[in-house]
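Pasting a structure below so you can have a look.
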Amino acid sequence: MSQSDAPARERVKQALRTQRIETPSWAYANSGTRFKVFPQEGVPRDPYEKIADAAVVHRLTGAAPTVALHIPWDRVDDYADLAKHATDLGMGLGAINSNVFQDPDYMLGSVTNPDPRVRRKATDHLLECVDIMDATGSRDLKLWFSDGTNYPGQDDIRARQDRLATALREVYDRLGPNQRILLEYKLFEPAFYTTDVPDWGTAYAHCLELGPKAQVVIDTGHHAPGTNIEFIVAFLLRVGKLGGFDFNSRFYADDDLMVGSADPFQLFRIMYEIVRGDALRPEAGIAFMLDQCHNIEPKIPAIIRSVLNVQEATAKALLVDAGALAAAQQAGDVLGANAALMDAYNSDVRPLLAELRADLGLDPDPMAAYARSGYFERIRAERAGGQQAGWGA
Amino acid sequence: MSQSDAPARERVKQALRTQRIETPSWAYANSGTRFKVFPQEGVPRDPYEKIADAAVVHRLTGAAPTVALHIPWDRVDDYADLAKHATDLGMGLGAINSNVFQDPDYMLGSVTNPDPRVRRKATDHLLECVDIMDATGSRDLKLWFSDGTNYPGQDDIRARQDRLATALREVYDRLGPNQRILLEYKLFEPAFYTTDVPDWGTAYAHCLELGPKAQVVIDTGHHAPGTNIEFIVAFLLRVGKLGGFDFNSRFYADDDLMVGSADPFQLFRIMYEIVRGDALRPEAGIAFMLDQCHNIEPKIPAIIRSVLNVQEATAKALLVDAGALAAAQQAGDVLGANAALMDAYNSDVRPLLAELRADLGLDPDPMAAYARSGYFERIRAERAGGQQAGWGA
Amino acid sequence: MSQSDAPARERVKQALRTQRIETPSWAYANSGTRFKVFPQEGVPRDPYEKIADAAVVHRLTGAAPTVALHIPWDRVDDYADLAKHATDLGMGLGAINSNVFQDPDYMLGSVTNPDPRVRRKATDHLLECVDIMDATGSRDLKLWFSDGTNYPGQDDIRARQDRLATALREVYDRLGPNQRILLEYKLFEPAFYTTDVPDWGTAYAHCLELGPKAQVVIDTGHHAPGTNIEFIVAFLLRVGKLGGFDFNSRFYADDDLMVGSADPFQLFRIMYEIVRGDALRPEAGIAFMLDQCHNIEPKIPAIIRSVLNVQEATAKALLVDAGALAAAQQAGDVLGANAALMDAYNSDVRPLLAELRADLGLDPDPMAAYARSGYFERIRAERAGGQQAGWGA
Amino acid sequence: MSQSDAPARERVKQALRTQRIETPSWAYANSGTRFKVFPQEGVPRDPYEKIADAAVVHRLTGAAPTVALHIPWDRVDDYADLAKHATDLGMGLGAINSNVFQDPDYMLGSVTNPDPRVRRKATDHLLECVDIMDATGSRDLKLWFSDGTNYPGQDDIRARQDRLATALREVYDRLGPNQRILLEYKLFEPAFYTTDVPDWGTAYAHCLELGPKAQVVIDTGHHAPGTNIEFIVAFLLRVGKLGGFDFNSRFYADDDLMVGSADPFQLFRIMYEIVRGDALRPEAGIAFMLDQCHNIEPKIPAIIRSVLNVQEATAKALLVDAGALAAAQQAGDVLGANAALMDAYNSDVRPLLAELRADLGLDPDPMAAYARSGYFERIRAERAGGQQAGWGA
């Protein structure tokens, strides 16, 4: 379909209107590499301030109404109060992200640790996260395990899978009726020889064994070089096991750059598979989440930019002329089919998105609106004292 | 265990005595890259001569009693006669490898082709391979699909999975009681954008859906950079879905070099997971096959060397002191556990293997024995005329 | 600058008007992978027909006035006659590509072969290529060496460098006053352990040693995963050693897909460095060449598409607002600087290019114009008999 | 040569006797990933304690007589006193490693920062390091720049090279007669889009421009996947520009694991090129340094193991029968040449090294000797209080 085709534009805008992108509380806080965390001005000092920043992103984009929490970084005494704070700001609390990688006990693993005491402690933390979900009303428990080994022989690869399965089962059985596990995989880091959930196949196999409330989450930065991520998207959608995304982008390893910044064409191809699999609408249950680190760029505008990048890729995916594409594919017309896809990708969808924002009563240019808003100047002043939030706090 | 420990040496030798490595008929023939196939002297001209060469490898190593066939490269009028030829030489026929990548009809795919006529043709070829298995008594049907796409949009990723599943089901249902499918995966080449079975997860999911007679085969050269292959071995063994190996080695892509030549430590780690999973003994049903190309080195000695490399890696794996390793692992002794593994790897097992060969009445040095045998001089003379076998013949 | 800025549009069009993209004779012929070459209809049978096809590409795009030759694939008795044939079709002959990888003698290397006789033969071929350049009036001798080894120890890495330097020196000294060497590098394939010119550093070091008439050529498909190609472009421009490009694209290894099809953003970044280094204008001496394989798609339209892809990336690069970018860079405004670049990339330059073509009296849509032209139908009929050209012919 | 050949054994032992491996002060301190630094017991609290630990490694291995310092982590008031402390422990101070990546000013780069004030500050730090070298008598200034960018467009790639060249020149001109620059390169991290010295080619080009006192240092963990490191070793030795190594090992990115633990065959191949290039003897001026992180394993034994791994790889490299290898290479005997190399690699050199240690009056098993020594129990008790050293201290 052509962009100049008015009904098509309306259809695309209608689909975009329903898209929800969840931003992560930790992306508003300081982050860095093992070499250095460069502190920035105005960074939140607690979960309340993180949610306040997330609310700004939503206010400007209209597309980011929930914020994911990370436990214990976002631990508070009263989650109901935190949820009310979010509601007051027009926000909701999203996925609960567990953390079993920062306690000294987890040096050799959490739920896969050879020591049963440590496994118990780690599993208890995961169960605590479900308790928090009950309090926040969150649907998704996101599980990422840093577990693995650094040296051949360090531990038994297969025994660690048994331990993993045991812990996952216990947590799965604790889930409420509207809750689910999103199991994340990652090729490497912080473990450097084996990772206990290194790829989508491992996550898929465990989710299949667990049952319908366990699904795979794809972090776009967690693959081996050359991996075709949109293939995984298509495959998991086909078998009903795609739970969502941790969006970010990478040139090398798990760079955690702004989504769409390293390979915007890849992001488009991913979103095309989402559209093709009819998985964009909220009822499809795919969680579109960001998981990024803004090490050197200001955090709030970086997150706004990321939301826009996802929207632009989605808009292009929606522009693909499905009929022309299918006809060319069926005819074995390699260049024609490729051209049908590229025609959408090469379109400039920014005017259409500006129009959508105007329809919604938003500023057509969220980046400029943020710059003009004075919000940064305010938080820089207000948050000058105290302890900035980061990965360790 | 120490090599100087006599009962341990006997135990290791006993295990090695049972190991069977299958060599591929096509490795005796000419091969090359897309740039050039360099013909060599003495290369077989038909399947009978390939089997004769394989018999030499077995006669000298005592460890390679079967030869895999590739259809149509090894198509003959009378498979019973071919099997008799093998038996007469002390050999058996092994896995049947299908070929759905060289007919002009397969340019855009075989069983996943958008054209149903081509899919039918490809599936029929796979069924013909089962007919051949009936004739040869082969247990394993090895399926590798070159199917995929070169350009984004070229075809529908998900529809191709549906087509693949349909074809696999039809072939699976045709299998006899003692036959099975070994489904191979490969990251890329000859397809350069998507491959329809690109990774172990995809192969595993299809095999699971098919049933107990479908298992995954790991080609050691078919992974993305950084993939931990021994993890996949351990994982598939745990879930009962490892069917076998296509051994070779690689520095870059699918280099198809002699197994163990690029990363002998990796081969050792793979064989260690086999030993640890008690999967070395023939009853475990793991097919240890070579799948290599000897583009620039003489073929028969290259294959002998490859068999020796697998044996040496296996011997080292068997030397691992399982008790010491488990104790160190359980104690969280990272360096101690690593050392238990490395102690075996750093051993020189060549004397032990020479001793084993002497026990079996073989020459302790198969490479030297081949050089002395005059076999090459004979085939060079005898096979001077005619059409040499290659990938296309 | 904005696209709607009329003087800017004129400036961009003016720059695009000077861009020259050379197409390779072999891309019009059959190609494939080691698994299969799928023949296509209408493929040229000799260099004359290849040039005729290249002339069609130029006639439709106005941007591809020269065609590169490959010796011996394009060997003819009378190069003056071939050059006249080109001129008659409005074309010129471009770079001469040597081939020292297909003679049986080159199995273990050409100019780096341990055997001095083979080295002599290979060097003589390179000298013959300079003779041909004298006849065709070509400026550039493109040297790609497939030389390398497959196994550790196979040959002496350092001695091979000495042999390489010797051959390069002899060829360099034979160059005429307006001739130069373009030295290509490649990570791997067909050699799988070492390649004698594996990276830009090696090519650069040799070119530096040779002198001003030796420059590095970047094949965009010849790098290790993760390599930042635009960095190399910027670096070589800075030191005056960039000679040109072999354009194509890749997802995995040396896929040789249509340039811009796998990562259009990368192509844009490369062209941005060209623009930033003021190297687009012909006097800068950068050769913009395609080097691709159209294994499954029709060749002529694939080459037209490739030329358009380079033009579109160039147009976007020219649209970058240099002043805004420099200001943001100097201010340390990470997001602002990135946005200045992305603003150009996200533009749809197809209307501007259509306008340029109209200015030049060309059809604004070369792909459609080709489809309508009837050329394919004609060559399919005319070239039905005879031996199709390919890599081996 | 055979190990059983007594003169050969003596020759190998003689060569090993001269080998010097420098250990890095920071490897004795705490380290980790961006996710967590797990503190260990007994870790040094200042440079004096680090040197004390390094002295233990040397006392047990006889091969690690110097320790590299990192400024500012090892900044002290009186470097002469620190040097005397080392001497008293039988140690020397080795390379001075600069640090221009941890000051908040360096968020967007140090010597390549767009801000001239920051560049001045960074260059001044490098000059301060030369002052320290004057005080410590160190020969080598190791320069690693984390400089780079995270996003396309963030800064001007080429201008950063100009700034880099300017800073390097100033430092080079400050070097004393017996001092040199070792310039390190790294593909990525902490920068994720461009790195200003990403590969050996860039380091080589700058060193060449600087002059004879600038050489390239190879960190074995700093390459793109698939890079052939021994090729780089051979190449840089040939052109006289190899300055030394930062040894460690990797499976994925810059894992900083114990050298030889991930790919012992690669380490052997590297050491073979050193032996083949006659660069093992100290007069050749190659600095063999470790640069590792012991995130989860105890530090001192990990470093002992690393020293042993380098020694074992070196011993195997020395065992290669150079005559047999050269003969096979010259004859084009691919398998024979490979076998000549592998024969040495497959040898168990541990008995020879134990013999060498006995000759030197050392315990034949340094790992066991350390475990028995009680040193760890002592430092665990003595260093219970205070602030442990780490990357940030």
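We call the chains A, B, C and D, going by the order they appear; numbering starts again at 1 in every chain.
Following the convention adopted for this analysis, contacts are C-beta pairs under 8 Å (C-beta built on N, C-alpha and C of every residue); 3 or more make two chains touch, one makes a residue touch a chain.
The shown structure was predicted, so the numbers you read here are calculated from the model rather than taken from an experiment.
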So which chains count as neighbours of both chain B and chain D?
-> A, C
Does A-D or A-C have the larger number of C-beta pairs in contact?
-> A-D
Distance between the CA centroids of chain A and chain C (whole Å) is 40
What are the residues of chain D that contact at least two other chains?
-> 108, 150-152, 187-188, 193, 225-226, 228, 251-252, 261, 265, 296-297, 334-335, 338-339
Where on chain C does chain A make contact in their complex?
-> 225-226, 228, 251-252, 261, 263-265, 296-298, 301-302, 305, 312, 334-335, 338-339, 345-348, 350, 367
What residues of chain A sit close enough to touch chain D in their complex?
-> 31-36, 38-39, 101-102, 104, 106-108, 146, 150-152, 187-190, 192-193, 225, 250-253, 255, 257-258, 261-262, 295-297, 391
For chain B, which residues count as touching chain A in their complex?
-> 108, 114-115, 150-158, 161-162, 187-188, 193-195, 198-202, 204-205, 208, 223-228, 230-231, 234-235, 237-239, 265, 269, 273, 276-277, 325-326, 328-332, 334-335, 337-342
